[in-house]
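In order of appearance the chains are A, B, C and D, and numbering begins at 1 in each one.
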Amino acid sequence: MINVGVIGVGYWGPNIIRNFDAYKETQMVACADLKQERLDFIRRKHPALRTDTDYHKVIDDPKIDAIAICTPVFTHYEVAKAALEAGKHVFLEKPMTSNSAQAEELVELAAKKKLTLMLDHTFIYTGAVQMIKKFLDQGELGDIYYFDSVRINLGLFQHDVNVIWDLAPHDISIMDFLLQLKPESVVATGADHVGKGLEDVAYLTVYYPNNIIAHIHANWLSPVKIRQTLIAGTKKMIVWDDNVPLEKIKVYDTGIIVNRTTDEIYDTLIQYRTGDMCAPKVPMTEALSTEVAHFVDCINSGKTPITDGVAGLNVVRILEASDQSIKMRGKEVKLS
Amino acid sequence: MINVGVIGVGYWGPNIIRNFDAYKETQMVACADLKQERLDFIRRKHPALRTDTDYHKVIDDPKIDAIAICTPVFTHYEVAKAALEAGKHVFLEKPMTSNSAQAEELVELAAKKKLTLMLDHTFIYTGAVQMIKKFLDQGELGDIYYFDSVRINLGLFQHDVNVIWDLAPHDISIMDFLLQLKPESVVATGADHVGKGLEDVAYLTVYYPNNIIAHIHANWLSPVKIRQTLIAGTKKMIVWDDNVPLEKIKVYDTGIIVNRTTDEIYDTLIQYRTGDMCAPKVPMTEALSTEVAHFVDCINSGKTPITDGVAGLNVVRILEASDQSIKMRGKEVKLS
Amino acid sequence: MINVGVIGVGYWGPNIIRNFDAYKETQMVACADLKQERLDFIRRKHPALRTDTDYHKVIDDPKIDAIAICTPVFTHYEVAKAALEAGKHVFLEKPMTSNSAQAEELVELAAKKKLTLMLDHTFIYTGAVQMIKKFLDQGELGDIYYFDSVRINLGLFQHDVNVIWDLAPHDISIMDFLLQLKPESVVATGADHVGKGLEDVAYLTVYYPNNIIAHIHANWLSPVKIRQTLIAGTKKMIVWDDNVPLEKIKVYDTGIIVNRTTDEIYDTLIQYRTGDMCAPKVPMTEALSTEVAHFVDCINSGKTPITDGVAGLNVVRILEASDQSIKMRGKEVKLS
Amino acid sequence: MINVGVIGVGYWGPNIIRNFDAYKETQMVACADLKQERLDFIRRKHPALRTDTDYHKVIDDPKIDAIAICTPVFTHYEVAKAALEAGKHVFLEKPMTSNSAQAEELVELAAKKKLTLMLDHTFIYTGAVQMIKKFLDQGELGDIYYFDSVRINLGLFQHDVNVIWDLAPHDISIMDFLLQLKPESVVATGADHVGKGLEDVAYLTVYYPNNIIAHIHANWLSPVKIRQTLIAGTKKMIVWDDNVPLEKIKVYDTGIIVNRTTDEIYDTLIQYRTGDMCAPKVPMTEALSTEVAHFVDCINSGKTPITDGVAGLNVVRILEASDQSIKMRGKEVKLS
């Protein structure tokens, strides 16, 4: 049995508590939050839980084995570092940190301490993303052409990060998981319509090797909610619509055939191919419950989590580069 | 009665002929094309039409008042220049020319000769775009935040231009018409998956004054056909889906309210507002027939066409800048 | 403060408890169910609630003012009668009873005892139905032509009632509320594919005065879930799709114009009219919470509930007639 | 080469002419129509075609081998009879005749004269219906549960037939072709909102052996256009949406498993099964061109057309029965 403490019980924390509470090999012990009313709210649902406004009380508790951190991004580094130094395994909300130096330090610290550091990149554990990964691993799509994601709605403006830091971590973590490639560089554009220096509409291009290109449209000012990802390959193409309850993933047996051997005129070289579309049944388990089981498995076995600190660092590097690029109107920022 | 000759009767030319043929104040006289089988095809439908493989025969015909040019882009400059110099009014396919210097020259030549030079920016004459323009002119959307357009499908690869030159002229001409603003600069990214140096997936950001941003996603490698444009303003927001037969335009009484007077914490400043959605009935006349009438009206009255040479030049400037930007991975290219 | 007991805590009962628990003027006191595990489940969520397998313990409790009944349909009459005789106000699940004689008896008993008898016709209290009713009351649709409802999915077969008794009470109560007309007769057809004498696919026509016709398609064997209602009138027409999260109601300014004064040939008499479509913003409060407040208001003020016993009886009469009609393959059954 | 005459060149006739004109083994010779302006219209497009206001001129022409009849329904019997008696093969618009006695007579006459009598049940020759038939023939759906079709829109009121005779022949011919079963009886309900005795909203149930039920909703007064057919079987279920350009047919690997061996309580007997959905690529050839080739093949080889006179008669029998049933508010009308 692994004893768990949760730091930060705002919007997402209660879901974390509910899932650690429900899992057979974990036990919720304590939680902390700066706001007393959030602690009161948690106590009404979980009367046995110890609560504290000082998070050090949770970190310093010798009975606690693992800490889940759901605080604002700018505090992640400090809290996670304290938890790791106290010898606790860490389950950390995304994005991992405010910059890549902090993320690298946490990766090293966890390694040195031989502790499990797992990022809560929730989408990776959904049935939809797992199924797309399986198709890619089986080579069903062939070589990848591009990854294109649109994540827009009339959204909750954040007061400390722009729309890329708020919405794109989902897409970036998904494409990092699916492509398993080192990105070369980032180009970001966007606009701030409120005047606080935080873009509310933004476009992010990520260049990968082999002419693979990724693009994310993140937007807090859309009248409609769209959650759509296209992944096209030489053999098949996928449209993933996360807004619909069923038929989320559609696999199109569609594409082009490029005949490279001939040197005839260009437009005879390319043939088009359209075939069946299939929407495989996607399992509907709650991603967070799969994550909790994986976290426990990693702690017990010493395995590296699928979404480890390096996965978190990869996301932060792209976010960090997007900040530089967007301020310079699309200047390419290399990722070394 | 205005006598018309058409040069280039490939994919689009027959529609041009049909519309000039049907209009009461124009009369089709002759057409030219390099391919004899296209001329044969036209003659079967329009037995009275004179046809020739040499386009100069059409341009030099003294009975002809106006020339419609539907040839490949790289020939537009040469053919249009010859037509204008021969004293003919010109109805020119988009994009106008291969570069902005050529476009400027045609604009000047038409002005000097006092001839009508009209660009076939077809979408401007659709019921949908005319209705959106009316909403903007009436101030229904308030101040504009952004223009975002997606034009993707499994497309016909062109052998001389990339996907931006092929698909984006539609969106660029529409946003130029709707916004009526001078763009500041362009950032373009994309990828070529065939290896001929022509991007098949591309993203174009255009910066306008007042924090207005425009973005176009053009793609020949999509498994699904999407033709969707979002236009958001301080008061209302529009979603235009050109793929559906009805309810193409949806106007959302949706937005944010930014309270700039208080200096309290950021996230209390922004309130969200959602209201009714209305899909106004969009008139369904064929755009090309409206264009033909407008062309004739401009010739007769000396009026400047809505889509004049300057409108064509505006599109070419952005296309030209996109070429520079995309080759340098998103480098901002200023439009002076 | 009104003290409430709930009898039957299977699928729907917990929602009833949650809403009576949350409302400021009601207090949950006790609940009963034949299954001990359901009572255990409730007690974990509501530790203060008294539970019993014998429902008479709840009915006989002198501290309890009102009883909510969520048991299987065939028990409604017995339980509701006992509750009314014990002087309790009754909040009764739909359909009201197994036959109209029982429903009439309950209506009379409640009247005699001067107790509130309210049916849980939940949909009547949704923002969508309230908004449609408002449009009808304001005359926006003109005279009604028809009401057509499709309620189909791969459904939970019931073991005591057919698909009409299971799904159509929603639609029947909605059309009774919206039309406020006495139905004349019923025609029902259907098929039983399992062989237990319970139709799993069924079609119900209800004839109303003034050529108004209503039709309901209820189906447990559909591969797709459809919840769509059309209501057409002489002035406007409504499509209500309850499956979508937003834009549930679309009002079409569409119709025909019948010129009755001329006696020219028929096909020149009818003109078609299409106009704007508007989707008004529908309030999203939980219907059950509105119902609880209305129930309390009726108890306190003596008002008749919108969905009173007579509304429940109207639904049962149509269900009962459908049983006769469906067994005789569509024989018209008059409702006197 | 088969020489063809067309009688009736209103809405559909020009398509018939175009297809007989284009096919390599047929040649259009003449056409007739009562309205001179229709004949003028045809002559502008087909200058070589002989035209006449007297249809006997076409029928009596000894050079003509086959007659296509596209006149109003009430004239079909007279014209087709005259054509057959003159020794011509007949391609006949649907519905075949105004009553079943006439249809039977035409079937017999064609048999006696050894002439090809083919009904223009166009949908049977579409890629969609052919594909559904293939699935049924291969047993992919298992045993059929039901056929449910909705064909509604703001429609063109006819002045001589009700909405069932106008729209349902499509669905009836499709279900006759797909099910290949003798229907037992018909129940129809509907309403006439114009007061001419012709229903504009109607519902038709057709009972087949083995508990198979079919239902058609035909409606001229719908604000939205729906063309949707559900076909459910013990193994798989199909949704066919004829309104969309792509993915018209969706095959759901969905259903119930009924365990008939146990006599345990009912609700444990039925298990639900959901799986993948696949939308096979549907060929997009024009149905009418397939029909023309089939008609010629039948004439040349003596084969019976897929949509022969008996198929036409089957449709008329159900239409005729629906007339009786609808006037008596859903009375079951047996088909012997």
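The working rule: a contact is a pair of C-beta atoms (placed from the backbone, for glycine too) under 8 Å apart; a residue touches a chain by one contact, two chains touch by 3 or more.
Remember, predicted model here, so these are calculated numbers, not experimental data.
Asks: Can you list every chain in contact with both subunit A and subunit B?
Replies: Looking at subunit B and subunit A together, no chain touches each of them.
Asks: Find the chain most remote from subunit C, comparing centres computed as mean CA coordinates.
Replies: Of all chains, B has its centre farthest from that of subunit C.
Asks: Roughly how far is subunit A from subunit C, centre to centre by C-alpha average, rounded to an integer in Å?
Replies: Distance between chain centres: 43 Å.
Asks: Would you mind pulling out the distance in Å between where the CA atoms of subunit C average out and where those of subunit D do?
Replies: Distance between chain centres, rounded to whole Å: 39 Å.
Asks: Counting in whole Å, what is the centre-to-centre distance of subunit A and subunit D, each centre being its mean C-alpha position?
Replies: Chain centres of subunit A and subunit D, defined by C-alpha means, are spaced 53 Å apart.
Asks: I need the residues of subunit A touching at least two other chains; which ones are they?
Replies: Residues 274 of subunit A touch two or more partner chains.
Asks: Of all possible chain pairs, which ones touch?
Replies: The complete list of chain pairs in contact reads A-B, A-D, B-C, C-D.
Asks: Would you pull the subunit B residues touching subunit A in the complex into a rising list?
Replies: The touching residues are 145-146, 148, 154, 157-160, 185, 187, 189-196, 201, 203, 205, 207, 211-213, 215, 217, 219, 221-224, 230, 232, 237-239, 250, 252, 254-256, 258, 260, 265-267, 269-270, 272, 274, 325, 328-332.
Asks: State the interface residues of subunit A toward subunit D in the complex, per the touch definition above.
Replies: Residues in contact with subunit D: 247, 253, 274-281.
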